[in-house]
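In the two complexes that follow, subunit A is the common piece, with subunit B as its partner first and subunit C second.
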Partner chain A sequence: MLDSFLNSFPILFGSGNFFTILFAVALGLLIGLFVGALPGLTTLMAMAIVLPISFFMDPLVGIPFLIGVYKGGIFGGSIPAILVSLPGTGASVATTFDGPPLTKQGKGRKALETALFSSVIADFSSDIVTILLIGPIALVALLIGPPELAAILFLSILIISSTSNGSVGKNMIMLAVGLLIALIGQDPIAALTRFTFDVFELRAGIPLLPMLIGLFAIPEILINIESKAKQFVQAKLNLKKEEQLTWKEFLGLRKTIFRSTIIGTTIGMIPGVGQVVAAFVGYAAAKNASPNPEKFGKGELEGIAAPEAANNAVNGPTLVPLLTLGIPGDNVTAILLGAFVAHGLRPGPQLMTEQGSIVFAILLCMLLANVLFLILGYFTMPLFSKVVSIKKSYLLPLTIVFAFAGSFVFRHNPADLYFLLFFGIFGYILRKLEFDVTPLVMAFILAPSLEYAFGQTLSLGDDGLLKYLLLERPIAALIICATPIITWKLWKRSKRLRDVATEVTSNQVK
Partner chain B sequence: MKKNFLTPNMITGFLSVLIGIFVIIKIPSEIEKPVLIFGQSSSEIDPELVPLIVAIMLIIFGSYTMIKDRNSLISNSWPNLTRSMLKNVGFTVLCLAVYSLLFNSLGFVLASVLLIFILSQYMGDVSHYISISLAILFPLIVFGVFVNIMHVFLPAFPLYEVRIGNYLIM
Partner chain C sequence: MKNLLKIFIGFLAMLSISGLAKADYPEKPITMVIPFGPGGSHDLNARVFTSIIPQYLGNAIIVKLVPGASGQTGTAMVAQAKPDGYTLLFTHNYVDQLQHHVKKLPYKPLKDFVTVARINYAAACMIVLSKSKYKSVQDVFDTAKASGGKMKLGHSGMWGATMVPMAQLLSWGKVQANLTPYKGGGPMVKGLLSGDVEAVLHFPSVIKGQGSKVRTLGCGAKEKALGNPPTFDSLGFTGQIGYMDRILVAPAKTPADRIKKLQDALAKLKGDKTFKKFMGRLGENMEFMNGPDYEKVRAEKSKNYKNLVKQMTKG
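For the complex of A and B:
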């Protein structure tokens, strides 16, 4: 593993691609900042739409490009949250508590700089933790066989479903619907056709890309079109004249940033919980630890640093289960999984041994992206603060065209446009009925691996599955036995974290 | 408190159970039978097993939602959609459906020009000049980047290809 890590340096810095990688990351960051700064459009949507573009790049260029969009988008979301009290993404809702009061005091620029520095420091630290963790976990992952893999995959989708937003019953239905959609096409064991209803376009199964773009991008566009409002927000801002963050003020925030980084990194390792919860928990922890909690919500810099550091610290650790076990922890990592697979890098136990150097090179790109993020974020802040006032009527039709072109280019199949439209409408209905699509997407993505590992396990335990598991695969048996307990514990924990988030929100509303 | 019968959870659960039953009914006819090679099945496991498990999951979770979550206060409210919201979304979906059909027959550029122009005009508060310029320039740029730089296929105008030098324009 150490060899792979050391080999990643010449791959990244020695290849002629280095400046292309830098350019791709910078472009990704700018796209992310732009979309994140638009209230109503999320990072997830941006990633889903640009995902097909990354397929036509080298893996070392395409995947860092997507990571750039991700990182830029999370910070971009805090721009309208601070300036006009409209969170650009869910992760920046907690930032709206102290951002707008600071803007009213003429400290908008100071607040944005606090958000930027906290985000970069937390993101950088959590990426280092990711690099340190990934090697040992990958070594453990190598010891697992089909029974253990099947048990872990099953446990993962159960955890993701139980920790997602909303009602557990509806999340479990979404999980089953995701598995059902994955049944369409051919089974992964003997390539037998199933549930195609004699429709030729269904024989190859439901394509991932139109499904992802349909579920994540089209519903957001439709929701924005509902009100037919002319602009995302009416605002005139000029940050250039405002005062900047001082060194003394920044030093005063170091404890808050450190605390939130630990909170975000820990939450990032729990599948399905994500940035929104991390931001709220970070905010609540900072308020509890502060000698002046009454100042929170009235324009406190710590109230910006805490949620921003916590939500950005989630980014790195979510990649650990993805790269070592092939399990995406949230929707963003599900999109990244699509990119890895399209580039021939199948995340899972074998990835780190077969392509470890490339994976480490990608992780190093994440560190590089943070440095670029700091520079670009700092200098483009005034520019992106103007993005909030772009007219919807210009931007949304262009986004639709890009989403359709992106869905089409991968397979050149006109049917993919119909799949896109179907999943777009389906996703819109689900959003309006307050369904979380995460369990559906995760189940759809993990179903082939789960079914394959499950089939192999049944085949290996042909003489008696229980005996085989208990005597020859005790770890798999242990995981199966522990599944209800782990799922219950994590459900309780995520419920508690969400309760903290709700409490923080209701306190702010009062 | 008065209990509602037709809540979103109740309907979701009911639909889930129905889909589960439908899958069970369709399993015998919609799953290809494995080939027998020297009397042995080509599939290591019964191909009907996993679909059956999924169908049972749908029935169990659907029943749970119908019974237990029927009157839950968590994400169980009907969407607050006004007539004008439905009209806006309906019109957009109609445009997208027509766009999907025209994408191939009219070519990417022309179909996109029409979509951008119609949608931006429908949404209102646009300068006609900017709207027309964007509607023409954006599809041309996307087509140019995808086809000439990334070497990816997008449907060109079906009657004749418009080129500048070696570059396909639309």
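For the complex of A and C:
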């Protein structure tokens, strides 16, 4: 292992095409950044489209190129989330809590820079952890089967909804609604159709992207419109006045970034959980640890750093099952697998022993990509923050156009526009009734995986579930036992935070 | 307003001229819908042949991934498309020939689509861990029988490419087992590696990557790369078991001359060096079959699946 690691350096730096690699990664990052920033175009689609290009490159150029698209895309998705509350993926939903308020205060650039720095630092650290612990991470991946995954997902849903804003009762209602609408479509185990009322468009389930844009962007637009329309038309943010992140502010974020990196890296090691959970748990943890939790959601830099660091820290460890076991954990790694295979390198135990140095060289490229991204991101940031500096009377209609176009481009399915409208109006009503939609979105995103893992567990524990869990699945049994305790503690804590919050608001009223 | 109208009329005129001129098909890029997600084997195979086909077809084929509802969303999209040869569907036999026996669909696969060609096929193989005691398919059957149907086997999705052949094998061996579903081939292999399930079916290209960790007990076709394990036929199973045919189909009313043009271009792939190189690396074969020949296979398989579904859903 050490040998192949050391051998990877000459492969990467001594090959003579080091600059080609740099260029390919930079190109990939830029493609990813722009695709991710445009709502409706997903990183995944971009990767699938550029995949054949990588076939005709050297493996050490083509695969880093794809990794660049991937990394750039994940960050790109946060840009519209911060600026106009348009989350392109589930992973950037948590960023819409503090991003748009900051933008409104004229701190859009600050928010974008916070996102960039936290993402890059977290990603870089998680990649280093991945390189150092590639063997143990692979072992963990094998230990997590369906029962463990089900227990972890269930716990995640509870953690996130118990730390959301608003009353516990309302959160539980939202949770239930999210779980219910996730049931629409084909059931994941037996592929039977449920709750579709014979409408074919519902058979594939409710599409995530139109729902996210509907729930987050449309209410934001409507509320902007009704809030003093006059002021709105005049308001114009000047780019030059937009403040950059100060060194002092950055230092203030270091604890949050560190915490989220650990959360994200740990979650990344558990196959099947992913960035969405990491972002939300990172946000919840930062809020819990903060001395002024009431500021979260109103434009707190920590509220950007926490989810951004957490969801990017997932990147490194998710590659481990692919590289060591040859098993792609999600669609992104499946595309990377394709790129490897087309070059005659089939990831798996064999590749690791025979050509381990290539694997490590690619991991080193990921570190390189982070450094490059820091530079590229820093210089393209003003360009993006300029978007919101145009007159608001143009920005609002533009956002509406992007919301609709994004929902349509996603699957080219006209039905998605109806979904967008429905969830837009639904989200607006919920906002007015002071419901937090986070538990709904969380439950909706995690329910299919939870149901799948639960169904698999039932199937595997066919002859006595309790016996199966206790005797063969001690880890799952342990997590299940810990679930009520953890939830109770967190709930008590967040109750205290809520009390503090109400106190502060009532003081302000006085 | 007047200007707008002029532009509109001009546009209409252009459209009608281009319609009348009837340039050689294909005069614009063709859209090929894949009803599955990115990164799957259909996606990979398609990326390879679509990047080579322009030189034989004279225009590009653009891949469009439309996953959802086990392939039904994308299939329905093509079924509703204009049958002009510019919208095609790249699917496989289980979506094309089995699903309509399981549930009501807004299209009739065998009637609404016509096969352009089978690009290639992948034949599933049964694998177990190398350290397990199973040395043959019969060993697995014997254990399943002894366990009273409780032996744990995995598959990659209901009515999918590894579940159907597994059900066929079990039904021929007259044994039952606990079939646990996994969300795709990757997680299924992980289930096997971690010992959650004892045997699964998978395709040679994937099995090769697992090296000495797994043992192949039998395959649907002859697989030299895996050291020629016994074929299911040689073990006494009749019929083609485990073949996943990657087929290109078009809406049934597509003009025959256009389909012919596609077929001619696709047939030339076999002699293409780049195609050969990439298919070799992917571990996929180049067993091209022309549309009319495949239509016979298609009808036959559909009939077999009908019986299987009846048998499976009876209990």
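One rule holds for everything that comes next: the second predicted complex is superposed on the first by the 276 of 510 C-alpha atoms of A that agree within 3 Å, B and C clash if a C-alpha of one lies under 4 Å from a C-alpha of the other, contacts with A are read in each partner's own complex, and residues count from 1 in each chain.
One rule holds in what follows: contacts are C-beta pairs under 8 Å (C-beta built on N, C-alpha and C of every residue); 3 or more make two chains touch, one makes a residue touch a chain.
Everything quoted here is computed from the prediction, not taken from an experiment.
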### Task
Scan A:G145 for contacts with subunit B and subunit C and give back first, second, both or neither.
second
### Message
With both complexes overlaid on chain A, does A:I225 touch subunit B (first), subunit C (second), both or neither?
### Response
first
### Task
Return first, second, both or neither, reflecting whether A:S167 touches subunit B, subunit C, both chains, or no partner chain.
first
### Message
I'd like to know which partner A:G205 touches here: subunit B for first, subunit C for second, both or neither.
### Response
second
#### Entry: First (subunit B), second (subunit C), both or neither touched by A:F408
first
### Query
Is A:N288 in contact with subunit B, with subunit C, with both, or with neither (first, second, both, neither)?
neither
### Message
Which partner chains sit in contact with A:L396 here, subunit B, subunit C, both or neither? Use first/second/both/neither.
### Response
first
### Query
Can you list the residues of subunit A that meet both subunit B and subunit C?
189-190, 192-193, 412, 455-456, 459
### Task
Sort out for me which residues of subunit C touch subunit A in the complex.
37-40, 43-44, 47-48, 50-51, 63-70, 72-73, 76-77, 102-103, 106, 150, 152, 157-159, 178-183, 186-187, 189-191, 193-194, 196-197, 205-206, 208-213, 278, 281-283
### Message
Considering only the defined contacts, which subunit A positions touch subunit B in the complex?
### Response
53, 56, 165-170, 172-173, 175-177, 179-180, 183, 187, 189-190, 192-197, 218, 221-222, 225-228, 230-231, 391-394, 396-398, 400-402, 404-405, 408-409, 412, 414, 417-418, 420-421, 424-425, 428, 432-435, 451, 454-456, 458-459
### Of all residues in subunit A, those that touch subunit C in their complex
44-45, 47-49, 51-52, 55, 141-143, 145-146, 185-186, 188-193, 200, 203-205, 271-272, 321, 325-329, 331-338, 341-344, 346-351, 411-413, 449, 452, 455-456, 459-460, 462-463
### Summary
The residues of subunit B that touch subunit A in their complex are 8-9, 12-13, 16, 19-20, 23, 26, 30-34, 42-45, 47, 49-51, 54, 57-58, 61-62, 64-65, 68-69, 72, 74-79, 81, 84-85, 88-89, 92-93, 96-97, 99-100, 103-104, 108, 112, 115-116, 119-120, 122-126, 130-131, 134-135, 138-139, 142, 146, 150-155
